[in-house]
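Common to both upcoming complexes is subunit A, partnered first by subunit B, then by subunit C.
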Partner chain A sequence: MLIQQLVNGLLLGTTFALIALSFNLVVGALDRLNFALGETAMVSAICGALFMSQLDITFVLAFLAALAIGAVVAGITFLLSFRFVSAEYHTAPILSSLGVGLVITSLVTRVVGSDQRRVPSVLEGVRIEIGPLRIVGDQLIILSVAALMTVLLYGFLNRTPWGTAIRGVSDDPDMAGLLGVPVQRVILLTFVISGTLAGASGLLTGLSFHTVSPFTGFETTLTALMVIVLGGLGNITGGVVAALMIGVIETLTVAYLSATYRDLIVFLLVGITLVARPQGLFTRNTGVVGRV
Partner chain B sequence: MLKSGRHTLAPEQPAAALVSGTPTLQVRDLRAGYGRITGIDGISLTVSAGELVALLGANGAGKSTFLRAVSGMIKPWSGSVHLRGDDVTGQRSDRLVRAGMAHVPEGRRVLPTLTVEENLRLGAFARRGDGDVDADLDGVIARFEPLRERRNQKAGTLSGGEQQMLAIGRALMARPTILLLDEPSLGLSPRLVGEVFALIRDLASEGLTILLVEQNVKQGLGCADRGYLLSTGSVVMTGSAKELLADPAVVGSYLGARGRDA
Partner chain C sequence: MMDAYTEAVVIRLGIAILLALGYWITAATGKFSFGHAAFMSIGAYTASILTVKFDWSLETSMLVSGLTAAVAGAFIGWIALRLTILYLAIITFAFAEIVKILLDSWDYAGGASGLFGMRGTTPQLLAICIGVVIVYLFFLTRSRKGLSYEAIREDEQAARACGLGVTRISVEAFAVSAAITGVAGALSAHETLIITPAQFGAPQSLLIILFVVLGGVQYFWGAIVGAVVLTMLPIWFDFLEEYYQITYGLLFVALMILRPQGIVGSGTERRFTMRALARLSPKRGKADGDG
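Here is the complex of A and B:
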């Protein structure tokens, strides 16, 4: 039973990991948080769910559409809330991206209504049983897609010129510019990739709960913030580990204590971390305070 | 340490520029600063192809501000910058790199979380995909031999001298027409300072056009063809390196001011 809960927790954690990666990429590129990413995940998930139920397209196509929508929305968010906001005003992008998030939620409820949407099961007959452990088709998809996207992202960041440029801009944007890197284009690219990950996270989370709601955007942002604070702001690997941890902790809390304690325990954990290790669990950087 | 395997540079000087005498870098009456504080107040300067020009002055004279305004890190308020005859005033840094200008800023600024090789390759970002990048990488590593064994090490873990090699090597990866060097000797031990200047002389003798910013007047003029002396944002004296070194005023005011240096 415990093993089953651990696996469920890791599965939940993989979707958190995607959204945490999404946030951390932007933190790396700009030292700013994009507070509209939760809503970006939501709008991708709603559209994916609608495409599957209304247009009757396959999950694969709906998923690709969700990625594309996430990418476009994040690109637009960059142009609206970051690109032309002066770097002098550190808090301005927080407000402007929060605003974009609100606009996304209102647009979605206005256009497609405020109903929850069903996300049908994929690979319905598939089920793997190892002893007491049971993994159904949806979980298999979530796990493999999330893992694949994480691996692809790592490969892209570490093995390609544009990925190296993203890390270079994250280290020192002015210097990257002096080396011939078109900094603003690299930042736009970072937002687009970040939106793709948010879109993936949105639809995969929808798949795990079989439902998506237009009002979960900010909740997603909040969860992602907990994860990236725990893992160390901007620390890609730390974020992934923290996401898996929080997934397991939430699942175990629901299973063995009570669902009402779920968020409480996570917030407590993050609170304690902030007091004891303000730079996060896995980071060598100067810390949260210096980076936001 | 810095001197090692010879790797000849092939600076791309269009024949036309050499014939007509169009300067590689021509700056006219450049003004720039931060906020309302004027950093440089009308500086004009010329660097011809193949020249090594030193820009000298004490702390706060505006040397770095000048380089920053030339290389697109800050927008100049007025004046103009021409690179091989093309007006590039106020252009973004990455465009200037494409146009042939490489700027090694003060403090080296290696990208600490990238490996040595990634730093070098990023220096060739504007010409990625061009098949010569690998060859140039080998060339730079042959020139800066100590970087070879640190190739896959994070640049932030290098010593000051190694970081300076990396910073210069990285700039060479762009195959620049002109190299702007901002205080390359800053913070290095006297032995390494000597090696850095030897390296600069080597680069110049291979035909690279260099604008060198230095606080150390003697060392700077020692390897330069010509020099400009800056004080509080303006050029106060210019001439051949020999003339300047022989001028008692230079020796008096600038060598005297050396005591305050970092």
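Here is the complex of A and C:
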């Protein structure tokens, strides 16, 4: 039973890891947070669910559509909330992206209604049993897609010229600019990738609960914020580890204590972390805390 | 005497002004809280429990709720204000959520279905509160402390280098701001006559921020302008009621691009130009250093 809960927790954690990666990429690129990413994930999930249930298209196509929608929404958010907002005002991008989030939520409720949408399960017959452990097809898909995307992202960031440019801009945008990196386009690329990850996380989360609601945007943002604070702002590996941790903690709390304590325990943990180690559990203090 | 409708509008307006002025104090130090609705709900619940369950008068329970909110504000400020603005945003968001979860599961205060049984409030009491706060702000902005708020807002490092105790001053401002917000919450609870934890969620926090950001943080009367405009617009234009979320969202976006300093206030460079747009397109003549 405990092992089953641990595995469920890790699975929940992988979806958190994707959204945390998405937030952390933006923190790296701009030292700013995009508060509309939760809503971006929600739009992708809703559209993906609608495509699958109404248009009857396969999961793979719906998933790709969700990725594309996430990318477009994040690109628009960049233009609206970051590109043309004065850098002098530190709160301006926060407020502006929160505004974009509000607009997204109310547009979605206006266009497709405020009902919850069902996400049909994929790979219905598949189920793996190892001793007492049981993994169904949906969980298998979530795990493999999330792992694949994380690995691809690592590969992209570390092995390709554009990935190197992203890391360079994240380290020092002025120096990267002087060396000929088109800084603004790299930042736009970072936003688009982060939107893709948010979209993936949205639809995968929907798949794991079999339902998506247009009001989960802010909740998603909040969870992602807890994860990236725990892992250290801008720390990509730390974020992944913290996401898995929080996934396990939440699942265990729901299973053995009560669902009402789920968020409370996470907030408490993050609160203690902030007092004792503001730079996060897995970061040496390298000055990111001072910069953002 | 005013008729009931005018009185309701006046009270709503007054509460909005009180909220805006309260928020202005922390915004004046450059520290933006994103969970001020939590202080509102702390104030609202404290006052309502005192008046409904213990039969206290509204005036005394209002003061107690201000004090409670101030203590909560000082605690949150102490955790968050040593860190940077992003952490402050995250912590205040989480704090508002914690308060909501706790109130949701507190059966004594009605839980998620809410607390009721309050008797109404009067415009006079509200006017007195606003008057006291305005007098306080009038003297604050002309005092040394007011100057130090401005110094911290404009350049925190320079202020620190000048020997200002930045953290202590910001925490104090945050606590005072929370106290006024708590009192406003107490009064609003006795106007709506029923309170639920869900009323004081993120949209309410954002609305309070929008009051101040629309008006601008340079002068405290800018906050009053913002509160009046944003409260009267949905009353004057009925159709806004239905689209208020989209309107407020777009208002944030437009304001941050065009006038991040607010309607009242001065000084920013223009960033939205055709040249900046053109720089994003892939077809560029030669590599110019953007960024």
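Before moving on, here are some points about what is shown:
Here is the rule we go by: the second predicted complex is superposed on the first by the 286 of 292 C-alpha atoms of A that agree within 3 Å, B and C clash if a C-alpha of one lies under 4 Å from a C-alpha of the other, contacts with A are read in each partner's own complex, and residues count from 1 in each chain.
The rule is short, and it goes like this: a contact is a pair of C-beta atoms (placed from the backbone, for glycine too) under 8 Å apart; a residue touches a chain by one contact, two chains touch by 3 or more.
A quick note: this is a predicted structure, and the numbers were derived from the prediction, not measured.
Touch criterion met: A:Pro182 reaches subunit B and subunit C at once.
Looking at the shared chain after the overlay, A:Leu107 reaches subunit C, while subunit B stays out of its contact range. In the superposition on chain A, A:Asp263 makes contact with subunit C only, while subunit B stays out of contact range. In the overlay built on the shared chain, the residue A:Asp174 is in contact with subunit B and with subunit C. Residue contacts after overlaying the shared chain place A:Thr164 against subunit B, while subunit C stays out of touching range. In the superposed model, A:Arg277 makes contact with neither subunit B nor subunit C. Using the contact criterion defined above for the overlaid structures, shared-chain residue A:His210 touches neither subunit B nor subunit C, since it reaches no partner.
Between subunit B and subunit C, the partner in contact with more residues of subunit A is C.
Within subunit A, the residues touched by subunit B in the first complex and by subunit C in the second are 174, 176-178, 180, 182-183.
Taken in their complex, subunit B has these residues touching subunit A: 71-73, 92-94, 97-98, 102-103, 105, 109, 111-114, 118, 121-128, 170-171, 174. Residue ranges on subunit A touching subunit C, taken from their complex, read 32-33, 80-81, 83-86, 88-96, 98-103, 105-107, 110, 169, 173-174, 176-178, 180, 182-185, 188, 218, 222, 225-226, 229, 233, 260, 263-264, 267, 270-271, 274-275, 278, 289-290, 292.
Per the touch definition, subunit C reaches subunit A in the complex via residues 30, 32, 34, 79-80, 82-87, 89-91, 93-94, 97-98, 101-102, 104-105, 202-203, 206, 209, 213, 243, 245-246, 248-253, 256-257, 260-261, 268-269, 271-272, 276, 279-280, 282, 284, 287, 289-291.
Listing the residues of subunit A that touch subunit B in their complex gives 161, 164-165, 167-168, 170-172, 174-183.
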